[in-house]
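Two complexes come next, and they have one chain in common, chain A, joined by chain B in the first and chain C in the second.
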Partner chain A sequence: MEIKKTITSSLMFFLFYLFAASSPDLPKFSQPALITSAGQNAEVQMVAVLAKRAGIDHILNKMATGQDLEGYKSLLLVLGASLKGLGAAGIDINKELERVKSLIEFSRQKDIPILCLHLGGEERRGAQSDQFIKACLPAAKMVIVVKSGNKDGLFTRMCQDLGIPLVEVEKISDALEPLKNSFSK
Partner chain B sequence: MRLRLIKKFFFPRLSLTIVLLILTLIIAFLAGKEFLVQRQSEPIFPSSGLSYHKKLSDYFPALRNTWGDTDVYIFEGKEPGGCILITGGTHPNEPAGFLTAVILIENIFVDKGKVVIIPRANASAFTHSDPQEGSPQRFFISTAKGKRFFRLGSRLTNPIHQWPDPAIYINPSGQKLSGSEVRNLNRCYPGRPDGLLTEKIAFAIMEVIRQEKIDLGIDVHESAPEYPVINALVFHENSSELAALVAINMESFGLKLRLEASPPNLRGLSHREWGDAAGILAVLIETPNASHGRLKGKPSPDLIVEGIDKFYPRASRSGRLFVDYPETGIPLKDRVGRHLASIISLVESFNELYPSKKIKINNIPDPNEVALKGLGFFLHSPS
Partner chain C sequence: MSKFELYELYKFFLIALFSWLFCCRPHQFKISPPPADRHEPYEYTGQKAMVVAAHPLAVEAGLKILKTGGNAIDAAIATACALNAAEPFASGIGGGGFMIIYLSERKKVTVINFREKAPLNFYAQIFNEKGEEAPVWRTLKGTAVGVPGALAGWELALRRYGTKSLIEVMQPAIEIAKKGFPVSETFSAINKEEYEKILANAGENTIYLKEGLPYEPGDLFRNPELAETLQLIAQRGIEIFYQGEIARKIVRAVQEKGGLMTLEDLAHYRAVEVEPLRGQYREAEIYTIPPPGSGLHLLQLLNIASFWPLSEWGLTSSRYLHHLTEAMRLVFADREAFLGDPDFIDIPVDKLLSPKSAQHKANLIRPDRVLMEYLPENSPIETKAGNTTHLCVVDEKGNAVALTQSINHFFGSGIIPEGTGFILNNTLDDFASSDSGPNSPGPGRRPASSMAPLLLFKKGKLKLILGSPGGTRIFPTLAEIIINLIDFGLSLDAAIEAPRFFSYSQNGQIRPLNLEPRFPLEIIKELESLGHKITLREPYDKYFGGAQGIMIDRARNLILGGADSRRDGFGQGY
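And then the complex of A and B:
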């Protein structure tokens, strides 16, 4: 009788935990994940740090192509153009757009879900960054954005039109929780 | 007759000439005196936590008795740990870099590991200012018992100490640059032991890195508000994880840090060559300094300290800047505070990534306190 009671309460607790830990509206992603930037920004490194802190099995590849996605179950695209980053990678913006588009195409073919993140705020917006945002968002399953980067409502409008869940956070470190939750089982 | 003519025409002209000559000499004397004032070094009062006070020439004797020789302050903890190098005054027209180093020297105690600080990395560049800029020679900060003076120097080595500039400068890393960059310390790394003065200074700093077994190098700078790399940390690719952690940790101070990767083809800079040539973690930090921007109004000591300018807020409103520039200015205390926050975050992040090389620094002034109480509160009195 006592054992039955313990099993029932444990089951109840487990179900409650599952309910509390998961947000039913947000899509789920699987591990391992490949992290790359769309625009060679430095925030990609911060996403790798957050992924490490969230305990997500991941690899960071700044110049990932379709072939590199083989064996990965999720793609994390960190949005925003950096001219210094593009210079450091030795490519121009058109080459980078080409790489990102081919990566998106490959993930579509292999049915690998894409999580887009924009953590650079207002400073990582502008015509060049917006090219990447507009190219990537239609393929995203979910978007996480630091609020100041969505001052003009571009992310809100696009996500509403495309029917993609959008998570807005105040600061970069706040992106840890939604990232963790979206990979939790 | 002839004597009368001489008396009439020559004597009045002679006396006028003599008066003009004396006036010229007086002006030359006063101007010369003013010119030499710039060579008078501001005193620095290290905290009692200082372990050694060395000279750059102790690491590279060829610099001894030259204008390139400078002070090196070493704070060593009782327990072993990692080692950090902090350089201020690479560009003496970027006062927050220099003041951050001075504030650290006058306050810190190290329990674990080692901190090496070179506050006037290019000592020669402190001895002159940029011509035709109307820059003040000095600025002042009030402390509890009187004012302290600090020099505003130039971006480049004094041409009296290194002259002439070539038409094109090919730096030690093989990059072609405009001729005057031959006097820019942050284009001369990793230096040349048999090169020109600035190249020798760069080589000597590389020797500090090698001999003191530095793990992390932090080069503290400022940039004009119209320059895109602002409120930023530029990092060598070997420091990318460190940089990302720093940016996240900086949020605890309510500060946003822009990260910029050091381009591998931009050679001769600290954040590139310290990493490439010495293999250490290398970063450079920047704050916005109106006093060396091109859009500024009247240059003055107040512009340096208070940061209040007539034109930068207008430029900011027009979207011409890479930073919000308020009417109330961006004062030196806030810029130094931001650098201190970056350094605290760098040390915390370094400790997180390399726990076996932990560094423990005590008494770094809290950036919020610096903003509240001012720089003078954390500086030693002038005597």
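And then the complex of A and C:
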């Protein structure tokens, strides 16, 4: 009986150690936050819903520019290009890239930290989406990605090279916890 | 009887048995399992009957009806209804469509038009008076919703040509909605893409979201409210939908979102039976749907293509892509100028289908560059996001149905009448954006449609049943598949899976050439050098539709089914 208890507690300790070791201190973000997409994707709306559930004071502005960031303490960039979304917004991919780059530049000047999220999975990858991923990740303080969007390891490689913490989640709803934690005090 | 005689008798018996086994039994066809790569061409096979549709459960529903003595029409309606439960984002009782029917004994081809209609108090300026907000009122508000025609169309087809009752053919759909099914990657991806609309019009608690977020692949999707609605209709007839409590719920939902539909509009809705359009492509005779569908433009495109030696040029030649693309742009110019509801306008169908018209257009096309101007000019037309569904059925007697139905965009308007579980269409977005012209909004009008389900005959015998969703890409996609089959000699599913391309003209001006990037890079570069602006899509892009087809191979006594891997296409025969 004693042996069983010892094995169980050792196992528990080992699992806890594993968990603790794999969860380094993640950066903290402050409120209010501005949420926008990089590529006019549909996931930006999902991030707004998750932010609401996480109790994060936020605003969603799909076409935000540098000036719109005034007064916000964090920028949430939702990555991935949607031809449908770009069409609905009436802009082409190059103009969207310009908008995103100017936002990043403004946030750098004002020292506003950027949290990047890629929730669209494999469907939201490809040459056009990757342009936005490559443009945004170097400016990010942290990245949350749905696993299937990182099948080729692009996020892992880039985050390792850039020294940015990467949180992988199985599905969109799982992004709630890391999002909540990153805004907790 | 001596031992020897007994032995001889035994030998004779064995020989007779083996002869019967190998010679007299009906020929058994081999069924190979579908390939692991869903995009690899694969033909479903059968010998007597077949159903092909955009979801395996819908196919199962149709087959069940066929195997219990139903004919192709019964099975088509069962499949169409099951698609409402299994692929609810693309079609359903909140929408409409067209079907083309072949009755083999009577050698008759007929068409049922169950396209949605504008309410009677609709008017030409209804969208444009909203100014910059017009796109929202065309797609997301109650003004986008046409009077649904699906149930009226299904009921008319069953009453005239079916053998089963509505309650019998609706039963499989009710079961699917009740029990649910695991969500596919396609369903999940479309659910994510249309999230904002669903959230805005149906809210976080809708059945079409899982705890307020999109469904992930593998999640169970059940729709008990739809099951109840279908059960009610099955038991009490379609009157409950057009005149009863469901009608009241539809009107309330539409009016709450700023729409004009009334109970009178629903009560007055009728599906209609019309004559098919007939055309010729090389040796094949093609029957398809008349306006307001786009069968006319499918035939125009094929008429132009018939002037070119396409088999010499090849599928992956810039010459073929350039010529057919230019032909599409010229045909779209005619579509802008002439297509609308024939109950309200005159459409010069014969003139547009004349060899002279096709020859003139073929002569206009220059091999060395794009035209830049595509006449005639008329009301503008947008490249709609049309997202529809198509199914094909053939039964043991050779009756066949090609049925295309829709709620227009994926998840339609996103408006769901309270407690009903079905989505209302946004088909009135298919009206042109000008206040005048053949396809301008108007009371009681059916907007122009790109649907073009078809039946193809060779030497008087039914050879192919085909159709596709895909908005304005529908008829160009169908033309490409027919060319792939006839000119390039591809098998049915290889013709469906082959890389697609699409372009159009707007106000006479050239629009980009959309391509699946499976065409060789050098071809793409050559096309750019001819003046085409290229938009590269995904390798197997839903944008180009999800075609389904059945081919009858009389020489091999086989029925072959092709289902598009761009969506969840599936087929089964026996």
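Going forward, the second predicted complex is superposed on the first by the 161 of 185 C-alpha atoms of A that agree within 3 Å, B and C clash if a C-alpha of one lies under 4 Å from a C-alpha of the other, contacts with A are read in each partner's own complex, and residues count from 1 in each chain.
Just so it is clear, a contact is a pair of C-beta atoms (placed from the backbone, for glycine too) under 8 Å apart; a residue touches a chain by one contact, two chains touch by 3 or more.
Since this is a predicted model, take the numbers as computed values, not measurements.
S.K.: Since both structures carry chain A, what do chain B and chain C do when superposed there: clash or fit?
M.R.: In the arrangement built by aligning on chain A, the partners chain C and chain B clash.
S.K.: Looking at the overlay, what does A:S107 touch: chain B (first), chain C (second), both, or neither?
M.R.: A:S107: touches no partner chain.
S.K.: In the superposed arrangement, does A:G126 touch chain B (first), chain C (second), both or neither?
M.R.: second
S.K.: For A:S82, using the defined touch cut-off, is the partner it touches chain B, chain C, both, or neither? Pick first, second, both or neither.
M.R.: It touches chain B and chain C both.
S.K.: State whether A:S74 touches chain B only (first), chain C only (second), both chains, or neither.
M.R.: So A:S74 meets neither chain B nor chain C here.
S.K.: Where does A:A42 make contact in the superposed view: on chain B (first), on chain C (second), on both, or on neither?
M.R.: It touches chain B and chain C both.
S.K.: So the two structures are superposed on chain A. Out of 1-9, 91-99 or 307-315, which stretch of chain C collides with chain B?
M.R.: Clashes occur only in 91-99.
S.K.: Please report the chain A residues shared by its interface with chain B and its interface with chain C.
M.R.: Comparing the two interfaces on chain A, one with chain B and one with chain C, the shared residues are 42-43, 45-46, 49-50, 82-84, 88, 123, 171-173.
S.K.: In the complex formed with chain C, which residues of chain A make contact?
M.R.: Chain A reaches chain C through residues 42-43, 45-46, 49-50, 82-84, 88, 120, 123, 126-127, 171-173.
S.K.: Hey, which residues of chain A end up touching chain B in the complex?
M.R.: Checking each residue of chain A against chain B gives 40, 42-43, 45-46, 48-50, 82-85, 87-88, 90, 121, 123, 171-173.
S.K.: Help me check something: in the complex, which residues belonging to chain C touch chain A?
M.R.: 135, 185, 189, 192-196, 199, 204, 211-214, 216, 385, 535-538
S.K.: So in the complex, the part of chain B that touches chain A is made up of which residues?
M.R.: 228-229, 235, 237, 240-241, 243-245, 247-248, 251, 256, 258-266, 322
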